[in-house]
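Take a look at the structures below.
Two complexes come next, and they have one chain in common, subunit A, joined by subunit B in the first and subunit C in the second.
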Partner chain A sequence: MIYDLVLTIGVMLLYILIFRLVGTTVLTVLGQKKLYIHRETVGFFAYFALFQMVYVPMVLLRARFHLLAYGWILTLVILVLLCAVYLVTAGGKSPFAMPGDTVMEEGLLGYMKWPVVIGCAAFVVFLVLQQYLGWDTAFYMGNMNEAIYTDTMYYYNGNDGTLMKSLDFRYALSGFSMQFAIPCFLLEVSPTIMCYYGIRGLGAILALLIVYDFGMLLFEKNESRAYLLVTAFLAVNMFFFTYSATSLFFIRRMNEAKGYCANVVLPMVALLLFMIYKKFGRHLWALLFVICLGSVGASMSSMMLVPALLGLGAVLLAINEKRLRPVFYAIVCALPNLCYVALFILNHEKILVIKL
Partner chain B sequence: MTETIDLLIKYFQGYQWLILFAVVYAYSIFKAKKGGRISILVGTVLFFVFIYNDFIYEWMSQLVESGVYYRFLWIIPVTIWIAYGLVMIFLDLEKWWLRIPFVLAALACMFLMDHTWLEPDRGTWSRPENVSLIPGEVLDISDVLTDEHPYGEKIRCVLPLGMSMQLRCVDASVECVIPRRDYLKMNGQSTRPYKQKELAFMIEKNERPDVSRLKKLLDDTETDVIVAYSDYSQGDYLRQADCELIKKTGAYEVYRVK
Partner chain C sequence: MTAVFSEIIEEQTGYFGEGWQYPIFAIVLVGLLLLWRRRDAAIAALYTVIMMVVIYCPVTAKFLMSFMEGGVYWRMFWLLPIIPVLALGMVEFLPLVVRAAVDLFKADDKKKKPISVIAVVLVLAIYAGLLAGGGRFVYQDGNVTWAHNPEKLPEEVIDIIDAVNADYEAAPVGEKRVAAVGTIVPFIRQYDATVLLAYGRSTIQKEDKSGKKAELYEQLTNAENPDYDRIAKLLKKTDTTYLIIADNMHVRASEMNVRGFETVYGNGAYTLLKRD
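The block that comes next holds the complex of A and B.
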């Protein structure tokens, strides 16, 4: 078990490194090196966007899980090499670094950084030690276990282990569980450990980075104030225990795709919309498209919620700018999600059924 | 708007957080510049027109289920917004002798709202029994079941509710005879008909069918193993139905069906 835990932490660090590499590449390609947004969060979405392109055809073709695992590792190696070569040849200042034109408060607030970083680390430890287990969490863990044990994807019900009659698109279209099952399969790590520690820890880190970026945007690159926002955010979450609020999914159910949707996907889309509103960078709609492309990979709930948020933001932007262009851009950004909605409805209405 | 208002109250679980959010919302409008103020108000109207209304609620209920509509409330970043409001008030106070009482008052208010994670009965953060966060006896039972069948095959088990969830997290070879919906229905959380009602009531509520009936049920469902609560003392009863005790842990007894 300790071996599993150490490997899980290693895998998560590797994920963060890859997200940073991929995120940096995406921002460099889009000419956004100076944008104050964490590369890890951008990379997370770009990574899942690419993973979905490999995963969705395979799951619809009822491919074996080991084919996905090896196929994705091969794709990942190529991706990492391409990103590395691109970044080396692109030249310029180290693209990994965040832009340095930030300010700190004077006085006590100027020393916020390390106490907040240590506080966040302690919070992540508190979070991963939550022993909550509900039906949905068990379902995700069951799906990961089934994929490894039976070498199938979504053939069996994650909760009770019975063979399904057909592929349930409500769960099968998102590669979230299968993505994290891949390192479990390759390194023989327990999916339980991966779910409780790895997925939760990674999600919490990404969520906190997004809140920090929100702070940098709201307080015009004032680091001290951004750290204050992160502190207040943690405090609010600690005290806001209600059944369906995002804090429930942050503290207790971050190992579920819903937790990622509530605390990573939607805040990220909101952050990008806010950046567009504030005219904070160039080609932000293109970046938003990448985020939307990867959003369903992180959670199936995103297929409906992201277009809803995009629609709301776009109409607001259109009113603000007094032109319809934001609405057009938002429709383009929502297209990937709407494709998933179409597939889901076809399956729900039993028009597109994949028998098992 | 009744259903959606009920949902909002449920989301905030009472009025306290809703009031705090309303205060922060009002403060944001008060502090914002003219353009920002209009955007917040227009955004709010748009949210009610396009998302938060009974029409969308009904549509979502038909498309997926009504139980998932609450996720649309996630579109408003409530926690980030409240945090932002608190930071803004903190920064506006400027003097330290005002800031410190404000922080203490804010923390006290939030604690008194009675929705804190810090209360032991709310949280699930007691010291874990082992690294996997799954109880040791569940892992022991999983080991026993592993010896009962060849790798790659499934083993059909009749399990109590908690054991069903926990065992499936560590052992994919377990196939539950009693499906999730039966447990949910037993707890009043499902309207769908039972699939294995008698077995579910036997294992969960100790309501025992005749031995001959039990034998038939086990035969029909091709059950390999039964995990029963030790407290229910079902040993003699299960032995009459040709079941053999293979493992006893603190709270559970594991029987092989012959």
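The block that comes next holds the complex of A and C.
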């Protein structure tokens, strides 16, 4: 199991590196190298956007899991190479570096950085060491385990292993579980370890980065205030414990896709909308489209919640800008999610049924 | 519509519990409107109000609920910026108070020094107290649970599933299907998905307890006087090879032994039996 833990940590570090590479490439392509946003968070969504393009056709065609695993690894190698070549040739100097024009306050607040970073790291370690035994966790892990052991995707019920009559689009349309099953399959890592330590830790890190970026946006690149916001965010989460609150998912259930929806997807969409409102950079609608494209890959709950957030955000932007263009842009951004909604409805109404 | 509205209120109660986050959120939002960049705060307030209308309006709620299976409307409350605004309140108001206190402290009048310190401590204490007292600490009531193994599963469950695997490998009979006492069912396939279950979540949580699987679950987990003949029959009908019973519950291994079930392994917490 120590071997599994070490490998899981290695895989997560690799994920973060790949997210950074992909995120940097996306921002460079959009001419947004100076945009103050963590490349890892952008890369996460771009990564899942691409993964969904490979995964969804395969799951609908009832392809074997090993085909997805090898097919995705090949796609990933090509992606990494393309990104690396692109950044070397067109990325300019230090493409991976975050923009440096930030401000640090004087006095006590000026020393916030390392205590907060160390505090967050300790919190993430504490978070992954927690035990949470629930039905949903069992279901997701069951799906990952089934994929590896039976070489199928969503053929069997994740809870009890019974053979399903048809593909359940409610879970099958999102590639979240299968994505993290791939390194488990290739490296023979236990999905249980991957879920509890890897997925949970990765989600918490992404969530904290988004909060920090929110702070940098709100406080005009004042690092001290941004770190203070991260601290306040953690403190508020600690004291807002109910069964349905985002806090519960952040602190105890970050290994589930719902945890990612509540603490990574929705905050990221909100961050982009706020950036658009603040006119923080160019081509932000294009960036938001990439985020939305990858959102269902992270969580099926994004299917409805992201369009709801986008819709209202766009209306407010339209009121602010006194023109309808934000509404049209938002509709385009929501199109991927709405396509998933359409597929879900067709499956739910038994119009589109894929028998197993 | 009344039923829909009742469901919305139920979901709201589930989301906020008995905490004070809602009123504190409203106060902080008003505070931001008064003290902050007004346009930004106004946008946040307008967003909140409109989103609340969408969430609480029975017409829109019914439309949205039709896409959300299984009573998960509480996820709509995730679209309210409760935690960001509460966190923002901490960041915006506290430095204001600290700055005012520092100015007071630096003033020539020596009497103002202790007043400024008390003011800062008081404001910090009130805000922290409101959040802590008005909320519920996540790491209470046994929510901090340290795992005893990397898999974060009960050790006895891992042990008994290892025993299932070892026995099946030595002498495979039929499918490796297990009927277990309800308390450990969620853990089995987290550890090993090659183990099939006689019943899962959908059986355990459904209200209608008719059907072979539901009856088997009830007999093994809830029956005070288990019908052992019926259990043996149901295990055969569901093509279940293994039975895991809890040593501290009503089903006795000895009764199953005389009905064609051999005791394979026991670890003090659970006993594993195999159908002959």
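We adopt the following convention: the second predicted complex is superposed on the first by the 355 of 356 C-alpha atoms of A that agree within 3 Å, B and C clash if a C-alpha of one lies under 4 Å from a C-alpha of the other, contacts with A are read in each partner's own complex, and residues count from 1 in each chain.
Definition applied: contacts are C-beta pairs under 8 Å (C-beta built on N, C-alpha and C of every residue); 3 or more make two chains touch, one makes a residue touch a chain.
The model shown is predicted, which means the values in this text are computed figures rather than measured ones.
With the two structures aligned on subunit A, subunit B clashes with subunit C. Look at A:Ala121: by the touch rule set out above, it reaches neither subunit B nor subunit C.
Contacts of A:Leu14 after superposition: neither subunit B nor subunit C is touched. When the two structures are aligned on the shared chain, A:Ile78 is found in touch with neither subunit B nor subunit C. Once chain A of one complex is fitted onto chain A of the other, the partner contacts of A:Val236 extend to both subunit B and subunit C. In the overlay built on the shared chain, the residue A:Met53 is in contact with neither subunit B nor subunit C. Common to the subunit B and subunit C interfaces on subunit A are residues 1-2, 4-5, 129-135, 137-138, 141-142, 145-146, 148-149, 157-162, 170, 190, 192-193, 196, 211, 214, 218, 225, 228-229, 232-233, 235-247, 251-252, 258, 261-262, 266-267, 270, 277, 301, 304-305, 308-309, 312, 315-316, 320, 345, 348.
In the complex of the two chains, the subunit B residues touching subunit A come out as 10-13, 17, 35, 39, 42-43, 46-47, 50-51, 60, 63-64, 68, 70-75, 77-80, 82-84, 86-87, 90-91, 106-107, 110-111, 113, 115-118, 122-126, 128, 130-134, 152, 154, 164-166, 168-176, 178-180, 184. Looking at the complex, you find that subunit C touches subunit A at residues 11, 14-17, 19, 21, 40, 43, 46-47, 50-51, 54, 64, 67-69, 72, 74-79, 81-84, 86-88, 90-91, 95, 131-132, 134-140, 143-147, 149-153, 186-187, 189-203, 205.
Taken together, the subunit A residues at the contact with subunit B in this complex read 1-2, 4-5, 126, 129-135, 137-138, 141-142, 145-146, 148-150, 156-162, 170, 190-193, 195-196, 211, 214, 218, 225, 228-229, 232-233, 235-247, 250-252, 258, 261-262, 266-267, 270, 277, 301, 304-305, 308-309, 311-312, 315-316, 319-320, 345, 348.
Those residues of subunit A that touch subunit C in the shared complex are 1-2, 4-5, 109, 129-135, 137-139, 141-142, 144-146, 148-149, 157-162, 170, 190, 192-193, 196-197, 211, 214-215, 218-219, 225, 228-229, 232-233, 235-248, 251-252, 258, 261-262, 266-267, 270, 277, 301, 303-305, 308-309, 312-313, 315-316, 320, 341, 344-345, 348.
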